[in-house]
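Structures for review follow.
The same chain A turns up in both complexes below, where it pairs with chain B and then with chain C.
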Partner chain A sequence: MTRILLRNKLDDCIAAWQKAGFSVFAPVRQHEMSSFGEVQKASDMAFDLVLPERTIKDHFFPQTEPLIKYKIGKQQIDSETMTPPDRKRVFFGVRPCDASGLAIDDPLFGWDYKDDYWFRRRDNSVIVTIVCTEADDFCMCTSVKLSPESDKGADVMLRPLANGAGWQVEAVSERGTALLETIPSLLQENSEPTAPVPQVAEKFDLEKVMEWLASKENFESQFWKDISLRCVGCGSCTFLCPTCHCFDIQDEGDTYAGIRRKNWDSCSFSLFTMHTSGHNPRNTQSTRWRQRIMHKFNYYRGKFGVNSCSGCGRCTRQCPVDMGITETLQAISNLPR
Partner chain B sequence: MIYSPFPMRVVSKRAEAPGVNTLKLEFVKEEDHEFFKQNYKTGMFGLYGIFGEGESTFCVASPETRKDYIECTFRQSGRVTSTLANVDAGDIVTFRGPYGNRFPIEQFEGKNLLFIAGGIALPPTRSVIWSCLDQREKYKDVTIVYGARTVADLVYKDELDEWKKRDDVRLVLTVDPGGETPDWQDHVGFVPTVLEQAAPSPENTIAVLCGPPIMIKFTLVALQKLGFTAENVYTTLENRMKCGVGKCGRCNVGSVYICKEGPVFTAAEVQAMPQADL
Partner chain C sequence: MGIQEQYRSEAAALLSSGEVKLVIGFGEGSTADRRRPLFARTPEEAQKFVLDAACIANLSTYLVTEGLLSDGKKVAVFLKPDGIRSVNILISEAQLKPDQVVILGYAIDKAEITALEGRNISDFSLGEEIRSHTPPPHILQEAERIEEMNPAERFEFWKAHFSKCIKCYACRQVCPMCYCRRCIVDVNQPQWVSTSSHTLGNFEWNIVRAFHLAGRCAACGACDRACPVNIPLRLVNYRMGKEVIDAFDYCAGENSSQKPVLASFKQDDPETFIL
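Moving on, here comes the complex of A and B:
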């Protein structure tokens, strides 16, 4: 016997969480685009998505984050450090790949110098994932050794019931257990079978890819030029990536007042690494694409023991020129050796 | 909070060369100063800023033996440096740091020291030089080879005079051909050539080399000819940075983050990096 949450109890569930002090976020359709947004009732949620177009990352590492508010006076400059809103949040209906993305980024924001902006949000959030019942041609979690039912980064994991009436519920962290304690009367014992997990074919041989990337002579291979010719350097793949974490720090304001902000940046942009002198270590699209792949599947692993990719496939799904990580890694995997 | 800088008061501004200034900064808050005193070691860097313009990364040019203040020397080139160049004594700027690793000068004890710098790269070298000269008894022979494009481009002219007068320092000064003035009495020639002529012994010697990439490239060849091994040559790298603490993702050369694992490396470590990413 396991516990289930029925779909028709979802409104009560949201209300119970709100009563317990949580704001509830779930996949929603807004402005012709799907993303995570705050919901008040079950009907606000978009359940039919394989994956929202934008990632959950937006709510932990927002596109723009105010760091310091400053005022420039005649006699002095006043500045005030800004902190993210201190509110408890439940993220409901997160896909396992998005939840994994958060777990993948934790060590980066935590090594040595702790990024308070990231961790304050992480510490106040509970992640409720829903195991996938559908995958599309771009899904590639299995290729990076994750799966549609991975519990990485999750606090509570829901498995859809085969009859569509609700979800089997399982707490996979202490935080998850605590969240379920706020809704005891809404859960019931049941042994209803769960829906089958989709088969996601492995699209490349990750071991082979990592081995090729680790080989020094391949750093200057013609391969990088050939594979990245189509890239227009728009940065979409980095912004839609659940693990891409690069940022810029900019002062925005007028002569007398403004805000220092941490804004999303992208390794696809030439200005990203441009020195004031004009020297640019990564001055072509191919060297920037190489950086992106090497960072995700070689450098990051060397530092934190994990690849910086959770296999959501957004980089390929939403690329305006039909490129993406999958194609590159497939090509590497298929190189003669 | 991370990314929150220390307010710093400008004590003085000194013009070094055309477009190059040194700011001497003191801490506004005692707790910030305490933090700096406990953590600063020669070779580390900081992000110097001014609200409304942003932050720029450069080394701490003052030595670890003098921690009552911070000196930074920079060329006026972008938005932040142009604003910093126009501050006056008493103005408030910001400092974030000290970040990165350091020159392991306690490992240099009992050895000869050879400092080689080109142009605006004397500031990071000067931090190590004074850190060692302030405890002169710990080190053997000290040689400083410094060159700039022209006589006007030499920085820290007062200190060059001071080093020249000391009998426990050998100073070799040079300017590029064409950069000399009628009354110039030191060398004329590029740093690698002048270094080879000066021929410091590699025996029990540590070299600290800072300069523009092209100078580093040819000076390393000269050092090799003189018999120096890459393990005994130290240098400091720079790349564009925003966070300074290993998160913003841009300063890496291959897998090496300049801000965290550097900026100080041995020439052997630099040679192990993918050269196409430098």
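Moving on, here comes the complex of A and C:
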């Protein structure tokens, strides 16, 4: 026997969480785009998406975020830290790859300096994932050793019932257990079978890829130039990636007063590495594309012991010229050894 | 022989004779319905070209890649009329030399694809076709719906869309007319335009781009298709294009000897807005 949550109890569930002080977020469709947004009732949620176009990252590391307000006077400088509100949030219906993305980024934001802007939100959020029942051509979680039923980054994991009436519910962290304690009467014992998990074929041999990337002589390989010829150097693949985390600090205002902000930045842009002198150590798209791959499957692993990719496939799904990391890693995996 | 085979062998011949150093066309994509840009430098690579009704991207954007044509050599490229129109605009803006580009032209009408006659830009006369071309009905309907809104409603419409923008600059990067080596939003000594992607910053960016494309857009739709958050950029382009036709009787890309409308003047230009 396991516990289940019926779909027709979802409105009550949202109300119970709101009563317990949580704001509830879920995949929504708004203005021709799918993303995570705040919901008031079950019918606000978009359940039919394989994956929303935007990632859950937006709600932990927003595209632009005020850090401090400053005012420079004749005698003194006043500043005020603008920490994000620590409101409690439930994220409902997160896909396992997006939840993994958060877990992958945790060590980065907490490494030499604990990023309050990230962790305040992390500590106050409960992640409720739904195991996938559908995958599209771009999904590649299994290729990076995750799966459509991975519980990485999840607090509560839901498995859709085969009859579509609801989900089997399982707490996978203390935070998850605590969340379920707010809705005891809405859960019921049941032994309905769950829907099958889709088979997502592995698209490349990750070990082979990592080995090739680790070999210094491949850094200057012609491979990088050939594979990245058509990349137009936009920020689409990085900004839609649940694990890409680069940012730039900008002061917005004038000499005397303003706001210091943390804005998304992308290694795909030539400006990303441009020195004040005008010299650019990554002055071609191929060196920038190489950086993106190396960072994800070599440097990040070296520092934090995990690859910086959860296999969501968005970088390929959304690339205007049909690039994305899958093709590159497949090509590396198939190189003659 | 179908158009695909015809252009494969023509591309191979151009490469083996040394007439061009590179052919830019399409290859298979990551799924059955996708096509991706393919660059062929050898006759063998040219055999991988695919050309069918799914080849809708405007490849002319690669012609302005930094350094590509600086050696004076020629490049061949697969283009449909909006790509040819783009080449006209680029030549009129002195960004391309007409004789460096060999055009392998094609047109798609419903699912039918046909080869276009001519290889040099001067072989194509688009003038009438562009002028009389009406955008697809769905764009016209959307545009009409917006025209009918009052200013407050219209502002809300664009606010909802622009607040989604993430400043990924995919619209700019795929656009053949966005060839500036350093876009104004990337000029950072000082930072003229804020990099922040909040609603105000997104308005700034999208308005800057709309103005910079006024009278220069080839209506290829590349930016609209590239936008990962589905902002209807087609409507901005359509309206700006219409504005320029109405105000100056000018339609960008009709031929390559046009004078760019906002970079030239006539003695008898109306000066209604100057006091």
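For this structure, a couple of remarks:
Here is the rule we go by: the second predicted complex is superposed on the first by the 328 of 337 C-alpha atoms of A that agree within 3 Å, B and C clash if a C-alpha of one lies under 4 Å from a C-alpha of the other, contacts with A are read in each partner's own complex, and residues count from 1 in each chain.
The rule we apply is simple: a contact is a pair of C-beta atoms (placed from the backbone, for glycine too) under 8 Å apart; a residue touches a chain by one contact, two chains touch by 3 or more.
Just so it is clear, the model here is predicted, and its values are computed rather than measured.
In the three-chain model built by superposing on chain A, chain B and chain C fit together without any clash.
By the touch criterion stated above, A:247 is placed in contact with chain B alone, chain C being left untouched. Contact with chain B, but none with chain C, is seen for A:258 once the two complexes are overlaid on the shared chain.
Using the contact criterion defined above for the overlaid structures, shared-chain residue A:277 touches chain B, although it does not reach chain C.
Within the superposed three-chain model, A:220 lies in touch with chain B and out of touch with chain C [touch as defined at top]. Residue by residue along chain A, chain B and chain C are tallied for touches, and B comes out ahead. Within the superposed three-chain model, A:44 lies out of touch with both chain B and chain C [touch as defined at top]. Legend: residue contacts after superposition of the two complexes on their common chain; A:318 is shown touching chain C, with no touch to chain B. Of the two partner chains placed by the overlay, neither chain B nor chain C lies in contact with A:106.
By the touch criterion defined above, A:134 reaches neither chain B nor chain C.
Minimum Cα separation between chain B and chain C in the superposed model: 5 Å. Comparing which residues of chain A touch chain B with which touch chain C, the overlap comprises 248, 250, 276. Here chain C touches chain A in the complex through residues 29-31, 34-39, 57, 61-62, 160-161, 164, 166-170, 172-174, 186, 188-189, 191, 194-198, 201, 222, 225-226, 228-230, 232, going by the rule given at the top. Considering their complex, residues 1-4, 7, 51-56, 77-78, 81, 92, 213, 238-240, 242-243, 245-255, 260, 274, 276-278 of chain B touch chain A.
The touching residues of chain A, counted against chain C in their complex, run 30-33, 53-54, 63-64, 137-138, 229-230, 232-236, 238-240, 248, 250, 252, 261, 263-264, 266, 269, 271, 276, 316, 318, 320-324, 326-327.
Across the complex, chain B is touched by residues 67-68, 70, 72, 76-77, 79, 81, 83, 108-109, 111-117, 216, 219-220, 245-251, 253, 255, 258, 260, 262, 265, 267, 272-277, 279, 281-282, 287, 291, 294-295, 298-299, 302-303 of chain A.
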